[in-house]
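By letter and in written order, the chains are A, B, C, D, E and F; residue numbering begins at 1 in each of them.
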Amino acid sequence: MRFDEGYSGKVFIMSRDTHEDADAIIYGMPMDWTVSFRPGSRFGPNRIREASIGLEEYSPYLDRHLEEVHYFDAGDIPLPFGNAERSLGMIKEYVQKIVDQGKFPLGLGGEHLVSWPIFEVMFDKYPDLAVIHIDAHADLRVEYEGEVLSHSTPIRKVCENYGAENVYSFGIRSGMREEFQYAKESGMYMARYEVAKPLQEILPTLKDRPVYVTIDIDVLDPAFAPGTGTAEAGGITSKELLEAIHAIAKSDVRVVGADLVEVAPVYDHSEKTPIAASKFIREILLGWVKK
Amino acid sequence: MRFDEGYSGKVFIMSRDTHEDADAIIYGMPMDWTVSFRPGSRFGPNRIREASIGLEEYSPYLDRHLEEVHYFDAGDIPLPFGNAERSLGMIKEYVQKIVDQGKFPLGLGGEHLVSWPIFEVMFDKYPDLAVIHIDAHADLRVEYEGEVLSHSTPIRKVCENYGAENVYSFGIRSGMREEFQYAKESGMYMARYEVAKPLQEILPTLKDRPVYVTIDIDVLDPAFAPGTGTAEAGGITSKELLEAIHAIAKSDVRVVGADLVEVAPVYDHSEKTPIAASKFIREILLGWVKK
Amino acid sequence: MRFDEGYSGKVFIMSRDTHEDADAIIYGMPMDWTVSFRPGSRFGPNRIREASIGLEEYSPYLDRHLEEVHYFDAGDIPLPFGNAERSLGMIKEYVQKIVDQGKFPLGLGGEHLVSWPIFEVMFDKYPDLAVIHIDAHADLRVEYEGEVLSHSTPIRKVCENYGAENVYSFGIRSGMREEFQYAKESGMYMARYEVAKPLQEILPTLKDRPVYVTIDIDVLDPAFAPGTGTAEAGGITSKELLEAIHAIAKSDVRVVGADLVEVAPVYDHSEKTPIAASKFIREILLGWVKK
Amino acid sequence: MRFDEGYSGKVFIMSRDTHEDADAIIYGMPMDWTVSFRPGSRFGPNRIREASIGLEEYSPYLDRHLEEVHYFDAGDIPLPFGNAERSLGMIKEYVQKIVDQGKFPLGLGGEHLVSWPIFEVMFDKYPDLAVIHIDAHADLRVEYEGEVLSHSTPIRKVCENYGAENVYSFGIRSGMREEFQYAKESGMYMARYEVAKPLQEILPTLKDRPVYVTIDIDVLDPAFAPGTGTAEAGGITSKELLEAIHAIAKSDVRVVGADLVEVAPVYDHSEKTPIAASKFIREILLGWVKK
Amino acid sequence: MRFDEGYSGKVFIMSRDTHEDADAIIYGMPMDWTVSFRPGSRFGPNRIREASIGLEEYSPYLDRHLEEVHYFDAGDIPLPFGNAERSLGMIKEYVQKIVDQGKFPLGLGGEHLVSWPIFEVMFDKYPDLAVIHIDAHADLRVEYEGEVLSHSTPIRKVCENYGAENVYSFGIRSGMREEFQYAKESGMYMARYEVAKPLQEILPTLKDRPVYVTIDIDVLDPAFAPGTGTAEAGGITSKELLEAIHAIAKSDVRVVGADLVEVAPVYDHSEKTPIAASKFIREILLGWVKK
Amino acid sequence: MRFDEGYSGKVFIMSRDTHEDADAIIYGMPMDWTVSFRPGSRFGPNRIREASIGLEEYSPYLDRHLEEVHYFDAGDIPLPFGNAERSLGMIKEYVQKIVDQGKFPLGLGGEHLVSWPIFEVMFDKYPDLAVIHIDAHADLRVEYEGEVLSHSTPIRKVCENYGAENVYSFGIRSGMREEFQYAKESGMYMARYEVAKPLQEILPTLKDRPVYVTIDIDVLDPAFAPGTGTAEAGGITSKELLEAIHAIAKSDVRVVGADLVEVAPVYDHSEKTPIAASKFIREILLGWVKK
């Protein structure tokens, strides 16, 4: 008696009914416990799904239709409120399951800290992994207000645990002096302010490498994505982020997983942020998930 | 790999995992095709579910906990956009299934016209059915702008097809002169402006009868429920609607089904309308659904 | 080629096409130049008209239909921005014309100061006039920040120019100490916090007198009318204001004109304030305008 | 006693008082009955007019003043709610009248389907007409959910009835695979994603031809026009749309009519969408309407 | 060069310039780290201050003027983000200072957990203290999701540490079964759903006792206070809360401190919640602070 | 007992505690009395300060940290409501004090008219001053609706009193024909539509001159800054305004003062306008204020 086809308001459009024959798993991580300025991203995944019903299933950019991709929207991981450590543990365990089955994990945040346990799983599976990090913020803090687990620290943790030379950040326009200094000295790659152009220069150097892509929606200017916790003026357009997604799709890297984080619907009554996010997810499904 | 416990953002809190052992079925009817003034109730069911995660599972009013009730949230019926006739057919078919299995149908609208096919199923099953209709609007039009299937006509259709004497309307404060005249002459019962007090007078007269209750959220004053299409000033408070729900729960009528309609989230950025609606649904589950 | 019937979004529903055979004239006064806290009422009249298309044309409260009343919506007076003195002059001149033709002036504000020139015209025509003033604020200041023409002064000016004993204020819950002192000593009538009950007591004492009624929408609690400049917690419900309007309709006073002021739509995205205001205007048309 | 000059909140600024000596007629088409995702454009025309009072009457882009153009804002056509067929008939009849008098029809939507009856009138009058279609969506569906009359079908109907080679679409970034296929095979012109540049290339090829221009506001990115039903990320800027309007103004085509559709104010509390739309209308009046 | 008089948007109206001669200290506690559903109350204190500029300085209810009360608005305590324990420590230390100087602490939240360290200070100073707790929620949990420091636990901690018989809760309409059971068995007083009436019955029993009052704004119905994290339908009106404040003012209890918590402005674009809150603070200053 | 460090919600982040050792003074001018279309900028300064708490203190654009700049946020000047003349007098007097002490005045509006008294002080001190004016509107009116003191006149007054050849306007896209004519004939410099590019051409010609910069936030497109009174479609991006600020920072002009005006928060619920404005202020502090 479940309604499994058509509009249901519960899952991303065109989700399969079971995970078994799916090549990709969409899963939500409704966590915003460590957010410093304006929380609310715990409601992001549900609204991205809701907005997806306004999407066409076909992409003229990629000339591909969602029915050509097998994916399953598993819902949100039931993260325990306020407990960052246990939440990250649950995310890690779940993504491990996805990866063990050879499927593509496509995560919806939630705050950016959710990417950290995913990075752990991915580097464990793909030791030669490269991380493409598209964001307004460097996220290179060692700690935030004395807290090591913070939405400002995940990229630093990747650098320190898996090698800064495997991190490629794009669009960065905010951070502490120390973070920018670290970016310069650590050997990581960082493109400031822009995304599409520097990405097109870097992609050939990553040829055939497994790549995990993490996108913080606040890389967009608040004009395009007001629904986020730490909106930062001076960002890129939705058009440029689409270009970046398409550049990756058409490159020779092997995308093995991705996430889109920090959609906080309450700050955006026009719902343009989840509307844009749902389109990015569609293009990621169509462009990055291979059989 | 589905996440079945805790917060998922997809179903009403504490929904069981399957319909099989459920005594009640929650189902959404995301339809607003015939709405004359301000559409948007097609998004009502999803937001009522989302708001339910802010609820306690226990009601101090009824001293009962949701775990004592067995219900399954089946999601939204995938109604074909813009096609009222086919939509009503699908609703009828689905509710028939619920009723055939002896379960309590608890519908979430959508516009008020969705109640019409439910009435058909219910009267078919319970020929001595009484309808309790709580609403700002009489909904007694013969047609609306030449259209027989309209959100202004469902109660008239009940009167004409199943006997006006079986209809009990409460809280009515808007309608055409003809509708109020019809109310007087047809033999139906209509209480204007108020709900809780007249309901307490009527309930004893319905002792042991099967009763179907349809609640249009706009019976509340726009102060309490701005998120609705045809908001009408001068309504009742949330407190009075709770009293009405509790009066029914404590009466000797046999509630055999219910719906709550016309929540249109876009007009209410504070989300107080879905927040209130989700509480009403909780109280209905706790007070009206018996094993 | 003008569209004169049905929904046009331009005039209050059911407005006649010309002023000639109209018994009442609706006119807007889009002025908010002297507002101290939150301006925006200049957009009030247009939104009240727009909201009127969601209204039924029949009132079950008064059992009367708008087609039984002859009124013409003349649009907004083109007041010169920022010039209070000239604006008031234009309002006076216009209302004089309405009154000279024996018609009922029904004004839509705009800030409360717009009522002052109307009072002048009305007292000139009806020397035995009584003013019924329904408001959260006493509006009894001599001046506001050195300015005699302010939205805080109109009632004081009536008292001083036409006799405090002719002023009856209801619902007052805010003002300076001096205003409340003046209320006590001047001989005017003032009912604090409540409207319907004290009004029902006063109305018999005004039997057969010509009465002008000025309603400031902020007499409602901000829950019912958030769309106003100086929202003041602790107000009355829409239901109580409807009762007050109906009490006047059913009394033996002779209402000779009225206004409804201070609707400022920008603070109310749910539009519940213009929606309620349009209903009050309908009830005023049906209850107070006689042939 | 009507107020005919200055700000009235009822008509587009600087509208003449009668249609007789007008070269262009502005008219509203408040219809959104066939909208699939988020309705609300029925309120578009009134809000575009309201926003026009914030406009300067002079355009520095075109060095022209609204007093140099004779136009009359006729208000909204009183379309019967929910009845698409009868609504389209009324639009057709009305535009026929405008065109019969040799005037320029400038329509305000309403959903995009309203353009279909206008196309019929225009092709009838100008058999060599070219249609410039600026939109995010291809609008080339044969039907939508079994419905031939839908806001997704109007351009397809033009192609099939009047020749695909006479249709020039710009800015298209969404549609079904079949629509893009049809665009390729049918002989119509379609520029994806961009508007100003491809338009400047096409305009010389249309020299001296009568041209009708239909603009769907959703060609803008939701950052610029969130107030629309089917917002689609990745769109153009307001600047680019202004450039396109000016390119047409300065070209050698003969614009014989135009419309701007799909403004749905409820999704945009900042009112930036009607504010932008009113500027586009001003530029169209100044640039496209000739004596 | 600081601006110390008139409107500054920084402090509650009529705040003195220094704390030295103040009888009461207003201080903000911008903390919402443990909030389970919808965070945002960290912005409450600033918006309550901003809204205060719209207030009259005189209360007609109490016939008293703010200039008769000496108070100093000290600003917000600079609480360390995300660290509940350290935040509570800073609050305790600060309130201790206020109390040591014999002043009345008037706190603005922030989430309800901020009251816990205040209770500790107050009971330490006044061993015979009674706590009046006005709230929608029982706040009687032992822990919340394994966390002892949560906005759901402060009242329980008072009961356990200082005696349940010293706690008087009013307006409670939400909680777990265990909380209501504890309320019954522990010896505390709890009035469900209502505030003003039961309070008037209890106050005489507290004659001459030192009393601390904690008000959670969500005791109001969401119609009156949508700007709060855990809005709960079925609440009281602003009028009733004003009555309660005035009943305490006129009683024989000795109020020695108070707080108002859980104002979360982001959910309330009309700003009616901070507007109401600022009025409650004015009445508290005028009614409860004695020389 | 004042809280002087950390987040207080009262002053711009990292403000010093006293003005004495400050090189720059931030001050608010909460005035919007002469605004013609949509008022509300009186609340701008407080919200810009509130938004500043979301900012990093370091700028990667300028590689400079706020602790390297000594500035003091003095709060808002307590301007008398509705009295433009007296308000301007107070602003003039205050800025005179700042300038007399050799400090950099950094003003937050408020409507644009507030810049006029500042211009007077600055030209008095620096007879060879050049004014850089970044705005959507020419602000070159002689009067507005008969009023010489209007937010549409300040730049004209500079031209007439201090020489049009000292005025450099950028980004202008709206005004009366007369204003654009005056711009051409008067000898002033005006760049239409664009800011960054023409500014980079002009800056070398201003080498070593003292320069005052006035920025009207509405130079941004409403997509980037909806929170302003006279939003005008077709504007620049936040990115371009940042480029302009940085171009000035890196040029050889000597910036001696600046203001940012017309932020009106009520039209922007996402708060992206104050968020962007606070970033511009940070960049101005870091780039323009020298020891």
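Observations
One rule holds for everything that comes next: contacts are C-beta pairs under 8 Å (C-beta built on N, C-alpha and C of every residue); 3 or more make two chains touch, one makes a residue touch a chain.
From a predicted model like this one, the values you see are computed outputs, not experimental measurements.
The chain with its Cα centre farthest from the Cα centre of subunit A is C. A separation of 38 Å divides the Cα centre of subunit C from that of subunit E. Inter-chain spacing, taken between the CA centroids of subunit C and subunit D, is 39 Å. Annotation for subunit A: residues touching 2 or more other chains are 38, 80-81, 221, 223-224, 267, 269.
Listed by label, the pairs of touching chains are A-B, A-D, A-E, A-F, B-C, B-D, B-E, C-D, C-E, C-F, D-F, E-F. Against subunit A, in their complex, subunit B makes its touches with residues 1-3, 5-11, 19, 25, 27-28, 30, 43, 45-46, 50, 72, 74-80, 97-98, 269.
On subunit A, the positions that touch subunit E within their shared complex are 32-34, 36, 38-40, 80-83, 144-147, 150, 266-267. Of all residues in subunit D, only 53-54, 56-58, 60-61, 63, 65, 221, 223-224, 237-239, 242, 269-272, 275-276, 279-280 touch subunit F in the complex they form. Those residues of subunit F whose C-beta lies close enough to touch subunit D in the complex are 37-38, 172-177, 180, 192-193, 221-224, 226-227, 230-235, 267-269.
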